[in-house]
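Two complexes follow with chain A in common, the first pairing it with chain B and the second with chain C.
Now for the complex of A and B:
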């Protein structure tokens, strides 16, 4: 392992804190948009459809964007302070580039009312729109800027790791599969970083092609592309990006949980086989988004189901088993950080299971485009990735004692979990009652039961979002206190 | 040294002859159809530029600002020569056509000079973005039912689009190859 001097670590920490504070500002704003949407669906407010769909677009694109960005930033911090030298100036350059993209997206959606949803399902952004053409252009260009920034960041990190650990095959852990005794050992977070980020390179290139086509059509409205091809492209790009966000977050659990359990979590053959399998399956799992597209070749539909099952099992299985082995009878203090990691794992498992249910063709024919879909992805995002991120934030904001008691933070955590699962339950119940997704309100539905259930569940969901926000505020206060404490102790040690 | 001089004395005249043949002698033939003009003549000039740069292995652009500026210049040139108006004007005006040939030759030449020293990240980003651009242009041309370049026919336009999709796919594979090969090579260094 290389020695990284304390000045470099301090500088990298400053960058990580900047990312963290930006995340902490944007995250509640995006939650508020979600709350406004549920209030409208519950017929509590009178938000117009144009506002609703622009909120939905910003909520979807924004959440996917900031969660991936922060997951990437956390991996950047962990890798750059422990295993490899990453260019700090380049890190700041990426930060500002992403900030430009975010500002553009905010402008396009909130001012321009760009509202086709995160998936911008073709030809939706160009047919019968209620937003001006410039809003489409600004939003698409902003997404291209974000894509370029992410691609640059991913390439920089992978290249630096490859140089440090002697090439790609070592990064993928293939040296563990041979019979040689003297092999280059790699930390598990390095293996997972590589496996998570490489598919991102290909997804971003395809995403760039798709966005250029959107841009071309926004300049030349008479253009018409094949909607099936566009859907394949957007889902390959979007699904892969969201999938690797989860894997990036799991990466730092492998690195940080052992600090609390005081047990090593090393790479071995089973870990390499499982994660390499996921590396392959990630690229094809998106096919389950196209089950309802009858013109998609049937063979690809079957492939979608097989790959969805296959991609879920190896990495999840080995990680769950690893977590159990880590915590079982471990003499550890259950401080907020390992607690968040453990609950994050549970969220990943529950949401993953619901996703596998939805990716089963026979069940998808009933659940497709119902609230079951947001139910499953909100589960592994809100109760998976977000908890992993907050676990990391508490780790980053804590001083030397990472296991200290934190009553305020823990209270916030439990309230947050309670509110979140209540909120998610309303989505699941909505899905089971065939309440459709992406409706600004349910007043137009002809089946009374579905209309009334949808509105009622939305009201309950809004209530649970309120609970969730209370928990979030307490966690913010705890984080703020920790940050102040850290500043004070740094000043004291300097003087 | 002598070997290099001999190589240069053979290669340089060959490049000049090739340039003459492509840009002057066969120019009319190339300008008859869109695929010939866009998919054969233009890339030929680009590859001539690459071969020319390979004759001078010690030439490179080292400074990062200049490298990025050069890559932007190359990308802007490629976009410019894909615009319908530029293509039309190049077909009817010989001087403008020649300017296009020299520009493409220069692009190929400069690309090698930049790629000799540029960061891995920028190399893959550039190749990836060119791939995305070619794919998007190819799909656009293949589905567009309005004639973009009045010098050619709509069938030729669609044919060019289909070929561009194939080229973009090849570029995608090439980018992936460069990406994995460079990462793999780190084990040797």
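Now for the complex of A and C:
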């Protein structure tokens, strides 16, 4: 194991704090777009369709983007301050590259009104659009910039880790499976970083290929690609990226939770088997997005359901039971960080359960593209990944004592959780009442029951978003205080 | 699934299953919040959890296999090629539906259909669905507002959806794949008599 000196740690921390603050600025902006959508769907405002759909596109791409980016940045920080040297300058370079991509995307969607939805199903960006062709070009180029930045970052991290731990197979933990003694041990974050990010490499390569095809078509409109192939590509790209965001976040829970339970959480055979299985499942789960495309080869449809069901086994059996083994009778304090990790696991499990229900082909016929879909993925993003991220942020922002009393933060946490589940419940009820997703308003639904239910649920959801925002503000205040304290105490120790 | 769906809509089955799952998870969280503050020797505590874990893993594997086998019994794909009593060709466009009885193999530009159609009750109907421009989704709602069947409408491809209307009355078609400005106003009507 290498020693990383304290000036390097300080510098890496500065980078991590910059990522964190950027995240904290963008996140509420994107939530506001979500609120605006719910207000329009509830007939409280009268946003026009082109505004609504460009907000929707920016909200979806933006949220998926900042969550993945932050998850990546958090793993970069943990790995670079504990296990391996990562190039700091390169880290800053990635930061600015991603910033360029974000600005381009904001420009394309807010000014250009680019609005084909976050997975921009081919050939929607080129046919009957309400936005100009330049907006498509700017947005696609911005996405390519983001993709390239992520790809470079991932490759740098995996390369550095592989060099440190003696090759890729060691990173995958295969040395644990043989009978040899004296193997190179790896920390669990390293294993999870690898397993999460390698599928990301595949996803980004396919995604880049797809975006380049889009770019070609935007310059040469006579081109035509097979929509079924394009749908497979975009779902592989999008699903995989969102999926590994969750796994990356689980990575730092493995690393940080033991500091509060005072029990080790090490890599062993079961963990290796489980994560290698997940690696395989991550790559094929996307198939469940094409169930209602009956022309897709039927064997792939079956595979989609089998893989979606199977992915629940390592996730619950190893990771969630791992959490139980961590906290059960551990005589620990429920300070805000472990609390966020525990609730994050619960959000992942609840959203995951609803996802497994939806990944049942027989049930998908009645849930596909209803509000059930945003219901389940918002559950594990908002009540899973976002809570893991806030747990990490509280860890990063607090000083030496990570378990200090934090009434403000905790009050914020409970209000945030309450508001979020209320907001999510309205999505679930919408799905169960067959309310379609991605409708700017429900007045065109010529069946009274669906139209009225849709609008009422949206109104209640908007109210709960208000609650969630109050909680969020309290958590921000608490984080802000911690940051100030940290600045003061480092100044004191320096002087 | 069919015998269950007589009693409960698929949406209700999904809702009840998920509710049960969520309640179970909440119960585990409450249990953990309480039990974590108690102290016990590390190894004995872990051993208890691991014992439970191996039972859990075996049971979830068995449950998954059973559910997979059960839920694979009736899927829409087997009816892609099967014969039906009546065929209806459907072409989606930005932003509306064209429907006409019979199998249409001509150019889509020349397809003349209407957004309303009359069909017989209790007959198997095969909808041959495609799109002339972007992706749409052909979703059938009954008069109570329950989504009863759907398939994607993808340009250059044909998805065959079979459905038997069991009640007379008016069914609505809505678009369930985001397709641009008026995606939320793409309505069609099926009269069953």
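In the analysis below, the second predicted complex is superposed on the first by the 494 of 495 C-alpha atoms of A that agree within 3 Å, B and C clash if a C-alpha of one lies under 4 Å from a C-alpha of the other, contacts with A are read in each partner's own complex, and residues count from 1 in each chain.
We adopt the following convention: a contact is a pair of C-beta atoms (placed from the backbone, for glycine too) under 8 Å apart; a residue touches a chain by one contact, two chains touch by 3 or more.
The model shown is predicted, which means the values in this text are computed figures rather than measured ones.
> Looking only at chain A, is it chain B or chain C that touches more of its residues?
C
> Which holds for A:226: it touches chain B only (first), chain C only (second), both, or neither?
Touch partners of A:226: chain B and chain C.
> Between chain B (first) and chain C (second), which does A:159 come into contact with in this model arrangement: first, second, both, or neither?
First partner only, chain B.
> Between chain B (first) and chain C (second), which, if any, makes contact with A:170: first, second, both or neither?
first
> Is A:480 contacted by the first partner chain B, the second partner chain C, both or neither?
In the superposed model, A:480 contacts neither chain B nor chain C.
> So which bits of chain A does chain B touch that chain C touches too?
226
> Quick check on the complex: what are the chain A residues that touch chain B?
Of all residues in chain A, those touching chain B are 148, 151-152, 155-156, 158-159, 162-163, 166-171, 201-202, 204-206, 208-210, 212-213, 216, 222-226, 229.
> Could you list, by residue number, the parts of chain C that touch chain A in their complex?
Per the stated touch rule, the residues are 1, 9-15, 17-18, 21-22, 25-26, 28-29, 32-33, 35-40, 42, 45-46, 48-50, 52-53, 56-57, 60-61, 64, 67-68, 71-72, 74-77, 80, 94, 133-135, 137, 139, 141, 143-152, 154-161, 172, 174-187, 189.
> In their shared complex, at which residues does chain B touch chain A?
119-122, 124-125, 128-129, 131-133, 135-136, 139-140, 143-146, 168, 172, 175-176, 179-180, 182-189
> What part of chain A is in contact with chain C in the complex they form?
Touch list, chain A to chain C: 49-50, 53, 116-117, 121, 123-124, 127-130, 226-228, 231, 261, 263, 292-295, 298, 301-302, 305-306, 309-310, 312-313, 316-317, 321, 324-325, 327-334, 342-343, 346, 349-350, 353-354, 357-358, 360-363, 365-370, 372, 428, 431-434, 436-442, 444-450, 453.
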